[in-house]
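Listed after this line are the structures, all set down as structure tokens.
Shared between the two complexes below is chain A, which has chain B as its partner in the first and chain C in the second.
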Partner chain A sequence: MSKRFDAYPYVWRLPLLIWQGLFFVGPLILMVAMSFWLVRNYRMEPDFVLKNWDRMLGRDYFWNAYWVTLWRATLAGVLASLIAFPASYALAFRVSETTRRWAIFFLIVPFFTSYLVRVYAWQVLLAESGPINAVLGFGGLGPFTMLNSGFGAMVGYMTLVLPLVVILQTFSLAAIDRNLIEAAWNLGASPRETLFQVILPAARIGLILGATFAFILSFGDFVSPFYLGGSKPPTLSILIIDTTKSGQQWPRAAVVAIMMIATLFVAAFAAVGAAYGRRK
Partner chain B sequence: MTDTDPLVRFSGVRKTYGTFEAVKHLDLDIGRGEFVAIMGPSGCGKTTTLRMLAGLEEPTAGEITIDGKRMNEVSAHDRDTPLVWQSLALFPFLNVKENVEFGLKMRGVSKPDRHGRAMLWLERLGLKGFETRRIDQLSGGQRQRVALARSLVTEPRMLLLDEPLSALDAHLVIRMQGVLTRLQKELGITFVYVTHSQSEAFAMADRVVIMGHGEIAQIGKPQEIFRAPKNRFVAEFVGRNNILPGKTPGQEIVVAADRMQVSASDPGEGALPAEFLSEEFAGTGIICYFEGPEGVELKAQVTEDQLENLAPEPGQRFWLTWAPGAAHVMAGT
Partner chain C sequence: MTRSTFTLSRRRLLAGAAGAALTTPMINRAWAADPVQINMLAWYGHAEPDIVAEFEAANNVKFVPKYYAGGDNMLGLIAQSPPGTYDLILSDAEFVQQLNMAGYIEEMDPSLYPFDDFWPEYQNFPGHWTGDQLWSVMVRFGLLGVSYNSNVMTREEAMSYNAFWNPKITGKLGHFDWHLPSLGQVSLLMGNRDPSPFDISEDAWEAVMDKTLSLKPQVGGYFDYGGTFASLKNGEMLAMAGIGDWITGVLQKDGAPVASVIPEEGGIQWTESYSIGKGTTKHEIINKFINYMLSPEGQVKSIKMAAYPGLSPLKSGWKAIQEADPAEAKRSGLIEGDDQSPIKLLSEGRLFFRDIPRQQDLEDWNDFWSEYKTA
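And now, the complex of A and B:
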């Protein structure tokens, strides 16, 4: 007897499938196709030429932007993880359950306001004649150029990713079985050894995911490198904007976008592999 | 320091959490090579006592010495007091051998030496061939033995065990009891074993410490605790006995269930009339439950043959007697 077809589970899965199909897979296919099109007289014409790929990947300015973006995103991932860890550690191990709950709440609050608004705020704070330089000036320091630099961009990336990284790290640290930590002490591990031999390996998944999210969000971000980094040097996201603005070169922008997505796929796979992979 | 001096001494130890007194006042000596079981109901302070010995909790007052040396301020990782956790607390991100090597690594033992000693202990506990297995690939009994190997590989003078068998199946518990007693005798080291299970404590320990409400209720050999409980708390906790009024007012006596004789006819003076309630198979015999004078519950352990001869029906009247030597007069309540 054949099983009766049960539509129920499929109905519930359908919205997600439609959404992903319409707004992710569809555009992706269109984008790949578009990267082979040509622009004539500021108009796109469907075609199949390798010219766009050749033009973009053959130029230094693409590769300069690529390496800058990759380097900055990696730095943002590492930096955010390092800055977040002491806070996450304290929230996971040193404070009461109530304090932790409030802290998580206050870490969510930044997401209430637009990231763009927060970056504008940083523009004021970091300006040559801004409050930070004013305070430093009292101490006889500065003024420092913080805006329109790699430093400015990094401040923006941290604004974007730090709360999320702290939340992910805190949850993974708080989930560690306390008996494991006590067992490490009991077996002669100093607090330092316990941190490196037990706490970090036990929280590995959350720590790697935190760094990965910081990397992914920073890699694709346009706001910070543009408004705080002054587009010097341009990142891939800025390159996409520039390319579409100058001469309606959507096909070439598509090449950049595909390169970005490919890089993120590789990074995400590597991270998941590192997080969940079995040690030999 | 001589061999007759105790290895561990608790003097006037107290531990409070806020207003809660986990341990009120503890004086206890534990000897070298002794197997001591600390037993009591939940919240009696037995685990806190063990954790203070391991340095995981600091006493609020009093002093703990090991080998005559004051340990109060010595942190957990500087003590030689490995503990086997109820949850075992094996490191899931390390394989079997790496788990066993952990304590040696922390003590700076060289890699080849570490390997050799870990392999020796794995073999000793029947885990040869499992070195590279992950912890989640092991059975409950195997994990238990990994935890033991991890704690014993550093050759400590004492091993602390916190309800280590409570998560195991009944047939494995018996087998692990054998493994533990054999190990303890072979190594000649001190075992401090915390449990709420009498059968485990009585089967393995040289000496049993019964704790209640943060204090020691009685210390003695298993047989002493069972035959001669000091007070009502111990008698009730140990169970399988009858608590009866004594000759003088306020006095109470206790008679173990296996010292109680059941007869179908009135044998004369001193016999307690009782109505049969039910029977329960208890492994070593059958426990019969009766209702005695003034509704007091009475227990008598009989053999299967005796049960067949008596053929008790619920509500049927019997008489319970005991030899004068079988009754133990309790000191207080």
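And now, the complex of A and C:
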């Protein structure tokens, strides 16, 4: 009897495996294979040549775009975490349960509208002749160039990631055992010590995951660097578009995509390691 | 009791069903022939109602467009579809040869089209013919020069591509994000006119690259179709390289203070032409449509196309727009002798057909454009 094959757990695991196989592993393998193909007369032909890799990784413009993307995504992760933290802290510790629930609801509402539409709205707001510069103008400031710049792109990234980061941080902060904080107080810890030695370490997982999501979403985003950053300079996602547009070079675009996925894997594993790893 | 109720309701049901069947549009439509579907591969706007609605109604056809952005994109779409997918292909002229080489289009019969009515300059458009064989018929074109905000720059200042380096627009020069028009314009500024700004030696290409890189501090962004419109309209960009009236003409109608001019160094012409997709079975109606678009009526529609305006290569088209809309004829230079008239520009040697690079690989130009963007 004990040797009888128990299908039950496997049946429940199967959908996940099929899903991952169909929509992640399969396409990924195809993309890796495609990066060795050749394009002749605008048509892809299966082949096994290193030309695409050589060509993309041997170009300065690829590496320029790579470092710009990495830097901007890192900055977005750090900025989103810093901007979100006071709000998350207040939601977790300073407001009633009902207020927090409403706040979470309102943080989800932005996702009801398309991100692209929100970015177009920012185009109007950030324009040199737009309302923000008009208000600043009353105070004798500006006009500032905010569109088609790194600043514009960062505003877009925050639009994309900030609500999510606040939600993740709020949940992890709210889950902290209040007894720990009280104990810290009772043992004479200052507010600063309580924050850095009790609250932040206890909420570590949520804080790191929030920053990681911000990094991942910003790293792959095309909309903000294009429509608010003016492709100046292009990020890797814009480089993918450019590469496919010019001469249907999907294999070269695949090289860029694989480099992006590899980078995200490293970043995600490092983050998960930092979040769940044992503390020294 | 129950039985009679049942009978009654069944009768009602049957009557209702019969009534519904008779009034269903599906049934009614069976008496009229379904419209013939014409699959068109084109730039945005070419199968929109302002262009095709009247022809559709008069001929019981329905255009089903697949829109692309750029010749590469077009070739990619065809390459990925089975033969016969597209009945009618609207292509940029410089890509017709590639369509032909790849075997995507059919030979056309020149006697079916009003070539006598074309301006002589456009009767033998390069790339449309191989010997006596015709592969594509030009339907409209436009000019690319200096597009500028007229509140900031005067027409005189815009009369040279040096306007792009004008300190008044530092950080406010936009690029239409495609290498051919912008690099072609720099090539013209460098004096590459004989035979064309796209047919240049390696040394001249080096010089074009250096000159282009010196433009970088002026650049405020690289834009697609929508971005080009928006940034010129809201004043975010004060001049734009690589475009012309096809963008500013639309904005002018909206009241934006923008204009385009062909500078002294010359302009670049974009050209759109119809080809017949290989494998189609609808030759008769397609030829009828091409002739409709080449007729005075069709040319007026094309000149005023809502998506983006174009010029007419036909003498009767000029006459028709001068009568139908004199202001538009004046605005777009479709009057003999006008200083921005394309025929005059051609005769002065100041207009060059957009082309793919002749002495370098297209890839080299592409690569440089990517480098320039990240520089």
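Please note the rule applied: the second predicted complex is superposed on the first by the 266 of 280 C-alpha atoms of A that agree within 3 Å, B and C clash if a C-alpha of one lies under 4 Å from a C-alpha of the other, contacts with A are read in each partner's own complex, and residues count from 1 in each chain.
Note that in this section a residue touches a chain if its C-beta (ideal position, glycine included) is under 8 Å from a C-beta of that chain, and two chains touch if they have at least 3 such contacts.
Just so it is clear, the model here is predicted, and its values are computed rather than measured.
Of the two partner chains placed by superposition, only chain C is touched by A:234; chain B is not. Judged by the touch definition given at the top, the superposed model places A:177 against chain B, while chain C stays out of reach.
When chain A is checked against chain B and against chain C, the one touching more of its residues turns out to be C. In the overlay built on the shared chain, the residue A:190 is in contact with chain B alone; chain C does not reach it. In the superposition on chain A, contact is made by A:246 with chain C only, not with chain B.
Once the two complexes are overlaid on the shared chain, A:74 sits clear of chain B and of chain C alike.
Residue ranges on chain B touching chain A, taken from their complex, read 54-56, 75-78, 81-83, 85, 87, 89-95, 102-103, 105-107, 134, 150-151, 154. For chain A in complex with chain B, the residues that touch the partner chain are 177, 179-180, 182-191, 193-194, 197-198, 201-202, 204, 278-279. Listing the residues of chain A that touch chain C in their complex gives 41-43, 59-61, 64-65, 68, 123-124, 127-130, 145, 147-148, 226-227, 229-234, 239, 242, 245-248. If you check the complex, the residues on chain C that touch chain A are 69-70, 72-73, 75-76, 79, 98, 101-102, 171, 177, 179, 219-224, 227, 230-231, 234-236, 362-363, 366-367, 369-371, 373-375.
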